[in-house]
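Look for chain A in each of the two complexes below; its partner is chain B in the first and chain C in the second.
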Partner chain A sequence: MLKSKPIRFLLLILVAGVLFLLGNVLPDYRVYEGATASIYVIAIASIILLTGYSGQISLGHGALMAIGGYAAVLSRKYWHTSGVISLIIAVLAAALFGVILGYAAARLRGPYLAGTTLALAVGLPSLANQFHFLGGEQGLNFDIGAPPKFLGSNFSTTKWYFWICSIAALIIFWLVQNLLHSRYGRQWKAMRSAPVSAALAGINIARSKVLAFIISSGVAGLAGALLVMTLNLVTPSEFPLSLSFAIVTGAVLAGIARLPGAVVGALIIVAIPDLADQIATKIGGAERISANLPGFITSLLLILTILFAPNGAKIGKLVSHGSTRT
Partner chain B sequence: MFAKRSSKFAVLATASVAVAALTLGALPAQAFNPRSEAGVTATTIKLGITTPLTGSAAPGYSKVPAAMQAYFNYVNDNGGVYGRKIQLTVKDDGYIPTTAVANAKSMSNGVLAYVANLGTANNNAIAKSPVVGLAANRIPSIFINTGYSGFADRTKFPTMYPIFPSYIMEAKIMGQYIKENFAGKKLGLIYQDDDFGSDALAGFKTAGVKFDVAIPYASGSQSAAAGAGWVGKLKAAGAEVVVMFGVTSATGAALGASAVLGYKAQWILGSVGGDATTLKALGVPAAVLTGSIGASFLPGTTDTKDEYIKQFQDVNAKYNAGASFDNNVLVAMNSAMLTVEALRAAGKNLTRDSLMAAIEKKGATFASAAFSPILYSPTSHVGYSGYWFGKYDPSGAMLPDGGTYSLYTTDSGAGAVVKATIKRPAMPAKGLPNNS
Partner chain C sequence: MRLLSTLLIGISSGSIYALMALALVLVWRSTRVVNFAQAGQAIASTYIGYVVITHTNNYWLALPVAIMAGALIGALSDILLIRPLNKRITSGPVKEIAPVIATLGLLGLIRSLVGVIWGGDLKRYNAPVSINGFTFGHTTIPFSRFNLLIVFTAVAVMAIFAFVFQRTGLGLALRASAFQPEIARLAGVRVDLVRTVGWAIAGATGAIAGVLITPSTSLSPNSLDLLLVLGFVSAVIGGLESLIGAAIGGAILGIGLALILEYVSTSLAFPAAFIVLMLVLIIKPSGILGSKAGRDA
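Here is the complex of A and B:
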């Protein structure tokens, strides 16, 4: 393990370097998509940790992202926190909510847990409309400021957001990767595969479940805060039910029990609308076709994945490591 | 084992980067125009729209882009704008601000302007997004599909040009109509709990109308079950006249529930949610809609005596693949006509700045189907300012009260509501703008 850690770290630096180069050569819009993909990587990682490793289903991570988003905005608005501190507060606020949710989750299983979290995704974001200090449907502004001057006057805001999001994604990737290889990761896998045996082996199942929910919620909260940052605005409609589904879809597409799959899942989710646009343009379809094509492609991929590669697409398997047995 | 794990991790990292690079590289290159002006070539003018084509807000509004493109195709077939053909890039945002911003960003370098972007929250998100840079990059967002009064603030939204009368104006005018026609009746209100609704509340307050029961709903929460809840509250309060100030899907939910629950009241539908074709498609029985009162700034969609309606119906039949001609199509074609006039007014050397300058200098003279005057000027981004009221007949057509259009105009402030004389510019020959 000690031997592998420095190598992993070097590889992360290498990936960061490549992302830095991509940020400089790609058109502005692709860089923006890169920032979005990085946010999805973080959100999907939170699902992989929770569902793929600890075996708990959540269809409500969009709500946890909303908590993170609102926490970051409110802390900056009322306490004038810096961008970094706002992001940390987002993680803590969502994690705190994860404590409550985790305790409820520890008493629920399967479809009951899915239903509870689904209700959260439906109801929680619209609460913002009930409280004036949350800004209602028009939302609240969230401006972390212009890029630092030393980066040069030509350094665009888009690139600045891409840097923040991709660095955050790399850090989360590194931390979650190490966590999953730690005692806790092994406990979660044991708990997921054989809960009775795990309990007999001395693992406190309830505590492990709650811990997984707390960490997963915190990670989702960070994704929410970054999403809000790229928009400069937090509103309830940024966290629709479809966001929660998109995250779970991304996780399933690339292998729910493989953390590296988060990268593939995020890229697929971000690329599909563009791909649909190209197909619709080529076949000369009306906007009715291009509008429904992303949903169709996603559904098709989901069905094919579950039919032929329930542990994730081949690419996920190629790049995965560790046990993938579910 | 650890070494094996590390090597696998190496494969993972490399493959991830490769996938990222390949995917990003394989995606189409942005239609990036290094020239000073985006979206304009010697032969084409590219415009962009982000609007809900899917999702809860899509019913009705999803017809807007196709209707606009139909009118543009009609103009293109008749010489275009100074020889340039108009192309409309359409993006679906599902009524989600995040997607609207991504759409706007994807089009920002490839289009001259956004046209008819829909929704208060989405337009707000686009305007405030630094990655889009609407104001900073001087990207015009013209004839937006929302009546939120805030967008007419030139200092906050210098490149946005709302066209609809504001929701404050609509509520003030509706308030005046209620006072004139339903004094002493028990009043109910259903409104969307966001800036759309807060504009309405402000307008009714200015008009001096107090509701016995006011029911807010969160955007996206509209459903048959929610509609039943609203009607239950209205029934309990004994409301005799109910104003429905919401989107079409919410209006459909309210009217549908009133049919199921046998609730009879005089409904007054706001212009946003009052399209009869869409309401019927949502399952609202004609019997409930018949006799309801609606507000509009455009002529009735079945008024074929009106030259604009006749022309737009003709364009719709020939260029819009059999789409039924409803209020969404009418609004879209009217905005498309205004767009062509704005492009012509900007001259042959078309730029983003010349387009905005043309709207400010000449916008008030643009011919359009609306009965209300247009109030654009170098110091005003306010579009239309008036409404007329009518009743829905059994076919769903909205006919003016008393047979003739009676226009009320006002402003978004404390100004009075006045009955105005309709002075509409004549339609250009064949509905093809010839202004300069």
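Here is the complex of A and C:
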């Protein structure tokens, strides 16, 4: 594990450079997938922080992404906020919701919390169908604006989205990584692996849990707003239950307590539909096979991982944060 | 009259929520897992029932077939997934969340398999009895013969449960394995087998809920998601431990939602259910029947 801050920062710059080159070389649809992968990195990081560190599970982060997405769209539509401000509003709106949810969550144990957040994921996005100003099934358009002039006239929108998403992902990755190495990260780890000892050592468990929920919600909100940006549109159907499941799957594949794994998890989640497509064409299956194969592969991976590599698919011998509490 | 018919509709839908809640509570009691795959197991069983109905046009044959299928899927879920999981994962950051993740994966797996076999389009089949409301004099209420059948079926299932749990050796073994697995094992109860039986009964119960609710809505690979959530809310209202609590929770939620739909707004049903869930969890997390009462069930 790279402990020292400057080295981590240099590494991040290096990654940014590689991404910059990739954005220029790869075909347009790959760049678009890169943007999607960046969004998943952000969303998975929010789960790793919440579940892997503070020990709270959420099956409802798709709903928090929806809140972020709608907040960004509404603020741009009604207040004509700039792109960056819209994204910040998305973070704040989701974080605010996270406050409420976090206070409830801090009192709940595993299965109750899982059920409550699942209820949120099932119900919340469909609420948009019931309120006229949210645009219903058709949704609302969202345009973050053309790329700035100095990037040149043939700078494609896809590339612009990729830049925004990957820069956001790098910033979030940096912030979350530092947070997890800070006092709070240590508190969360202590709290998750030995709650009684942590409380005795002076950690305010409830406050610490709520804080994790708020930060995680805000990060998820950003992912939601970016997702809406790449699609130019916000509708309830962009945030199905399977989105929440995909994020959790990505986090489990990553190794639930390993932040760098988020990149691996995100790449797998983005690669699955591609892979499924190729398999479906190879076996010449009907539409119903190609429609369900991604879900099948994702679920199967999730089950196999939790059964055979519960602390994440080991890629290299990275640090395991696993506690050995009996 | 309007109030009475709303209450009746509420009891009818509440009966189905209660069945789903019973399925969740049974699994929770036997293996300490909230089985999110219950929606998947129920949907697969319901599709199998649907096949029987389309071929034979006989609802009364479809129901037992679906129940058997549900029991089989439930038992297989335990044997193939939950048992190995509990043996493998004994510590680490994933211990608490592993069962949740596993049942989630199972839900996705079953759902995509159902999608491959039957496709994603909506299927429908008719109720075995009239779905037109009863008429008294000149007024027709929404409550139909089929609603009455739903309530009767749910009550019958609960009566069977009450009998099995209170009066039979199997019921005693189920209760013993749930609360003191080590002591039950020492006393000669085959705990693993008994737990699998619990999963099978839960699967059968979920299948009944799926077959009963589908004539009023339609069937698709994710058409039971909302039922899963409402069943979970009912189970939580009842304290998650108690079978009687699950039944009461279902009735409360069913009536409450029916009243809101009728008198307040149709768009508020889901937020209302969610707020009820939050309130119960914050004010009285042990449910209306706390764990103490639950142990008697």
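Definition applied: the second predicted complex is superposed on the first by the 306 of 326 C-alpha atoms of A that agree within 3 Å, B and C clash if a C-alpha of one lies under 4 Å from a C-alpha of the other, contacts with A are read in each partner's own complex, and residues count from 1 in each chain.
Definition applied: contacts are C-beta pairs under 8 Å (C-beta built on N, C-alpha and C of every residue); 3 or more make two chains touch, one makes a residue touch a chain.
Remember, it's a predicted structure, so these values are computed and weren't measured experimentally.
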| item | value |
| --- | --- |
| Room on chain A for both chain B and chain C (clash or fit) | clash |
| Chain B versus chain C as contact partner of A:Ser242, first or second or both or neither | both |
| First (chain B), second (chain C), both or neither touched by A:Tyr29 | first |
| Which superposed partner A:Ala291 touches (first chain B, second chain C, both, neither) | both |
| Which superposed partner A:Thr117 touches (first chain B, second chain C, both, neither) | neither |
| Partner chain(s) touched by A:Leu300 [first = chain B, second = chain C, both, neither] | second |
| Contacts of A:Ser216 with chain B and chain C, given as first, second, both or neither | neither |
| First, second, both or neither for A:Gln138, with chain B first and chain C second | first |
| Touching partner for A:Leu108 - first (chain B), second (chain C), both, neither | second |
| First, second, both or neither for A:Val15, with chain B first and chain C second | first |
| Residues of chain A contacting chain B in one complex and chain C in the other | 126, 130, 242, 288, 291-292, 295, 321-322 |
| Sites on chain A touched by chain B in the complex | 1, 3-4, 7-8, 11-12, 14-15, 18-19, 22, 26-30, 32-34, 36-37, 126, 129-130, 136-139, 141, 143, 157-158, 161, 227, 230-233, 235-238, 240, 242-243, 260, 263-264, 267, 271, 273-275, 278, 286-288, 290-292, 295, 315, 318-322 |
| Contact footprint of chain C on chain A as seen in their complex | 51-52, 55, 57, 59, 104, 107-108, 110-112, 114-116, 118-120, 122-123, 126-127, 130-131, 192-193, 241-242, 245, 248-249, 252, 256-257, 288-289, 291-293, 295-296, 298-300, 302-303, 306-308, 310-311, 321-326 |
| Contact set on chain B toward chain A in their complex | 2-6, 8-13, 15-17, 19-21, 23-24, 27-30, 32, 53-55, 62, 65-66, 90, 92, 94-98, 101-102, 105-106, 108-109, 120-121, 124-125, 128-131, 133, 192-196, 198, 216, 218-221, 321 |
| List of chain C residues in touch with chain A within their complex | 28, 33-34, 36, 81, 84-85, 88-94, 96-98, 100-102, 104-109, 111-113, 115-116, 119-120, 221-222, 225-226, 228-229, 232-233, 236, 240, 267, 270-271, 273-274, 277-278, 281-282, 285 |
